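Take a look at the structures listed below.
What follows is subunit A paired twice: with subunit B in the first complex and subunit C in the second.
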Partner chain A sequence: MQLAKFKNINALLATATCSLFSNTVLATPLMNASDNSDIHNDNSWKIDTALMYYAETDRVSALEGIIAAKKDFGEEHILSGKLVFDTLTGASASGAVPQKTPQTYTRPSGKAQYRTPSNTTPLDDTFRDTRLQFNVQWSQPISEQDKISTGIQLSREYDYQSIAVNGGYTRELNQKNTAIFTGLSFAFDTLAPEGGRPVPLSAMVVDNTEGISGDNNISFKDAFEATRQQGGENTRNTVDLMFGVTQVINRRWIMQLNYGYSQVDGYLTDPFKVVSVVNDQGDALNQLHENRPSERTKHNIYWQNKAHFDEAVFDLSYRYSFDDWKISSHAIESKLRWPLTSSTYIQPSIRYYQQDAAEFYTPFITDDQPIPEYASADYRIGKLTTMTFGAKYLQELENNHSWGVRMEYYIQTPKNAGFEAVGQLQDLELYEEVKAFVVQFNYSF
Partner chain B sequence: MKKRYIIQYAFISLSLIYLNGCTMLGVQPWERDLISKESMSLSVDDLDASLDDHIYFSKEGTSGGRGFSAGGCGCN
Partner chain C sequence: MHYTFKQLNKGSFYCIQFQAMASLCEVLVETQNAELVYKIGCLAEAEAKRIEAKFSRYTNNNVCYAINNAQGKPLAIDTETASLLHFAAQCYEMSDGMFDVTSGILRRAWTFDGSNRLATQAQISTLLPLVGWQQVTLTDHTLQMPTGMEIDFGGIGKEYAVNCVAQICTQQAPDISILINFGGDIQVTQARKNKQAWQIGIEDPTFKADAKIKANAASKPLKTELAIKQINIQQGGLATSGDARRYLLHNHIRYSHILNPKTGWPITNAPHSITVATAHCIQAGCLATMALLQGEHAEAFLDAQKVKYWSYH
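Moving on to the complex of A and B:
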């Protein structure tokens, strides 16, 4: 029994570190080793499934399902894989400012229009996509203290595809109380947005005379095509590098400290977002297609702690991120796993997130200033605070299966990053809150 | 000059204390009863975390930390 426990802690340390190499793929194989089971003797496949429904008030809704499978072929030679399916639909903020009069915009496809009522945040209601993702990961020891892992991830959606490969190395030290790890990942993404990639900072063409469909609108079509890029960059490449340490502090406390470096190159602009140009009355004169730099270097420091009280387990993590777009953020998250019986628990959670705006973020551009080289009114890279409140209930069944249900309430509160509203914009809500509800079911066997 | 030496001694002393502290961290094999529990795994809620990360990746300006930040998703 003691030996089994010893194996479990090794597995725990190694898997905690290896899970970094694939986001999540490797995370569970050995994590489910409980006091009463030695997973090294369990040659069956372990399957975890989850189905999540996400719904924002009057905006996006999403359904996402995951099937994760893993198997230990003996002596910690572990194969794991994951299939993810998600579908999105609904409306997303276009970046245009609200107005006191109804406004008409051209959809990103150029094939239709949408109309925004007065005093309302303009939402492009054609947001729709379906994505399929597949990961496979292999890990194995190469010596008593060393372990390697490698994996691949493929993702495909209507207008976006991605392939990523990763590799990692873990070494255990200090009587296996310490594990150090390093990992490397390359991702190659390709975009093909409907309607093409807009010419940076070109003005949205709106046909104000009649419907845009049909072949009679040659002049509009020509004008729309003139705002589309004919060549240029349609890829996005990411290199991720990670270093980390996992340390057992004492009988009740384990922690992990990671540093992540990420270099992204390519088309980083959102082809569906615009920035309004307004006059001194706050009237929107036109909408420019946003433009972001084609490079971004990001840094992450992540610190996670787990503490075992008499019965409950407390999880506390903190992440500090910063990058050369001048976005910096703090995220703090905590969970308390509270056993109700020997086979059930409840887990309340809370997360606070705060970020500063990118240096090129602007809620609008005034017509008396020159057009900047880069500009985006996407609130997601503006000054922002979010809160997440959650709770999970899980029950283990007698046949070693388990089921769980989880709910979350997510509130995004965009803030003014120091921009002075002009004219009618002073009376309009430029930083509208977004609220979302999440419900999720889990089943493992 | 004196101040510089004090800073150097302080730095060396703190380093030694820290290094000594590191070797004192951790537990003996027979003390792993709690830490080897599934609930003490750093990634026990792995699927939940990946779903949360997908939401945060598509709704916030920064991401990553637990793993690689590359999303493989056009949602951001």
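Moving on to the complex of A and C:
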């Protein structure tokens, strides 16, 4: 057969062509042109700035500023960095059950109290934090098909600090139609919560003497101190591993499949969360400081599809994750990028998330049962579903700058994971919905 | 700068024109922004002329001249030249030595003027030792080849220029469809807004040959439109290789101006012209030339490449 005589060299030729034009030197001797207008060249820093405001109804609000910078030093040697500053204020659910009578709780610092009105989810309103996070990443090719990257991330909060390092390797195959990626990262966190780390499952000490509890109240101070850990683990180490494949299916469709493995060891308990112990009337007898296992192994699988139509880009992704705390979750997200003009687009998005409760999650503990080894009433590790509706608008400006605005509305609905409410709890809302709104402005230049 | 530009097709795009590389060069820009067109015109013409000046073999003060007159000594070359020669080296490998930028020297023996004058084997035999990329030592920064050998960028230069200009156009106007056409070597940077194809005329050698015969018979002047074949292109690169006017006819054998670098003789029984469409103009140009080098098996070669092509016999 005649055809068998010839090899298909087009793939090789395409690769040779790509490498010929990936050489940035081609763009550099650009111009002694008479033209003096601003030639936007790839070698300048590309800066993205964003300001985000996040607000939950009656709960936490956050203001976040982001500056990201990226520079291509040629031949895909890329340095990028990001600085994030955010401040959080407001209240978050403490984990205690609501009651038909007003309740008094001690703040995690032990220095004051807060009161929760009747029929209301107890919220600890001392939630206030600022976080500064910085990361820098370098990536470069090491051969025609191979690329490596490495980076470091530092994060500092009022009561928490973290350092993480990562490395990644990408190989392009099959005429750059396939890319395989593997990445590894290590994070080392140190926690120093205000008021110290509570002794696991110790009862919250509440000063019921009239008047202000303060430094002069010696017996309260001693009792509070007795519920604090002396020494012990205050760090947390995380190892993340990732394997990914990106495949160009055809001219219009690109697909990505990732598997992620994550292992965390150390202090994983939330020092600010409690679990209520209730009697058969549903009356809260006391609040125990929660306790979580000191190890967690997570697996996740992520599948993303991007389809490029003549004008629009459709993105559909699915993530499944599960861990040895028995939390499993599914997330489906879809986005449609729709150009309005040649320089503007709008991108509506919708996301559905569903998770099952951790095996030690419990909305409360009844006083007729032994106290379990691990317990948490934190709704975030309980059974819940979340719906997110969003839209983004972006406009490219003549000078290669662009601005955009993004808005999201978010409804988180905790569900009963099969616990039977007792006594007064039957009449109270144990699984209160959380609604949040996000607005973000972007400017890139 | 000598380019001109005008608005065409009810103002839906601008057409920039200038002369470079012995061709009419056109850049079609789908915009109403005259200022942008002005800028692209400046950059496109400057880039085309820069590449022409740098790689032309008709001048004695450029890198091509320096390479061909290095007298066997290692020569320092710039990154762009090295990249382009690395590309040529890969083409040589892929084509099993048929696509060879050192084969131009054989033209000393051959004059393709439509006549029947063949070169003598003696002439060819003296030139053959000076042909063969395997004799060239290329690194990222240097090139060394035996005295007397010559490198000719003619086979890839124009297509390369088209892609360089396309790259500049994409940088300048990332969201606009721009068609670059240097004498039939074409690149479209991206699809047009309303999915419309760019329509352009390329020389159709068969049509021209037939028309010429008919025109002679009728003793009428030939209408230029007859020589042009209309093609539609939405995105990607297109290039044509052929011998519409450059061949020898001897004993009813048509000797194409494409020379076999291994024998020094012209390829016979190849199509007159081959047009290939691929992602990049330079890629299409190389495939078209490699196909012609296969002579009567040109189409079989192209079928194996799984590309879109048009061949004319």
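Odds and ends about this structure:
Quick note on the criterion: the second predicted complex is superposed on the first by the 400 of 445 C-alpha atoms of A that agree within 3 Å, B and C clash if a C-alpha of one lies under 4 Å from a C-alpha of the other, contacts with A are read in each partner's own complex, and residues count from 1 in each chain.
One rule holds for everything that comes next: a residue touches a chain if its C-beta (ideal position, glycine included) is under 8 Å from a C-beta of that chain, and two chains touch if they have at least 3 such contacts.
This is a predicted model, so every value here is computed, not measured.
Legend: residue contacts after superposition of the two complexes on their common chain; A:Y302 is shown touching subunit B, with no touch to subunit C.
Look at A:V313: by the touch rule set out above, it reaches subunit B but stays clear of subunit C.
By the touch criterion stated above, A:N258 is placed in contact with subunit B alone, subunit C being left untouched. By the touch criterion defined above, A:L88 reaches subunit B but does not reach subunit C.
By the touch criterion defined above, A:S342 reaches subunit C but does not reach subunit B. Judged by the touch definition given at the top, the superposed model places A:V438 against subunit B, while subunit C stays out of reach.
Ranked by how many residues of subunit A each touches, subunit B and subunit C are led by B. In the superposition on chain A, A:E396 makes contact with subunit C only, not with subunit B. Touch criterion met: A:S162 reaches subunit B, while subunit C stays clear of it. Once both structures are placed on chain A, subunit A residues 2, 5-6, 8-9, 12, 16, 19-21, 23, 27, 31-35 are touched by subunit B and, in the other complex, by subunit C. Those residues of subunit A whose C-beta lies close enough to touch subunit B in the complex are 2, 5-6, 8-9, 12, 15-16, 19-24, 27-28, 31-35, 48-50, 52, 54, 64, 66, 68, 86, 88, 129, 131, 133, 153, 155, 157, 159-160, 162, 164, 166, 174-175, 177-178, 183, 185, 187, 189, 191, 193, 238, 240, 242, 246-252, 254, 256, 258, 260, 262, 264, 298, 300-302, 304, 306, 308, 313, 317, 319, 321, 323, 327-329, 331, 335, 337, 345, 347, 353, 355, 358, 380-382, 384, 386, 388, 392, 406, 408, 410, 412, 434, 436, 438, 440, 442. Within the complex, the subunit A residues that touch subunit C are 2-3, 5-10, 12-14, 16-17, 19-21, 23, 25-27, 29-35, 37, 39-42, 310, 342-343, 396.
Residues 22-23, 25-56, 59-76 of subunit B are the ones that touch subunit A when the two sit in their complex.
Subunit C makes touch with subunit A in their complex at residues 1, 38-39, 42-43, 46-47, 50, 78-80, 83-84, 86-87, 90-91, 94-95, 160, 163-164, 167-168, 171-172, 175-176, 191, 193, 195, 278-280, 282-283, 286-287, 290, 294, 297, 300-301, 303-307.
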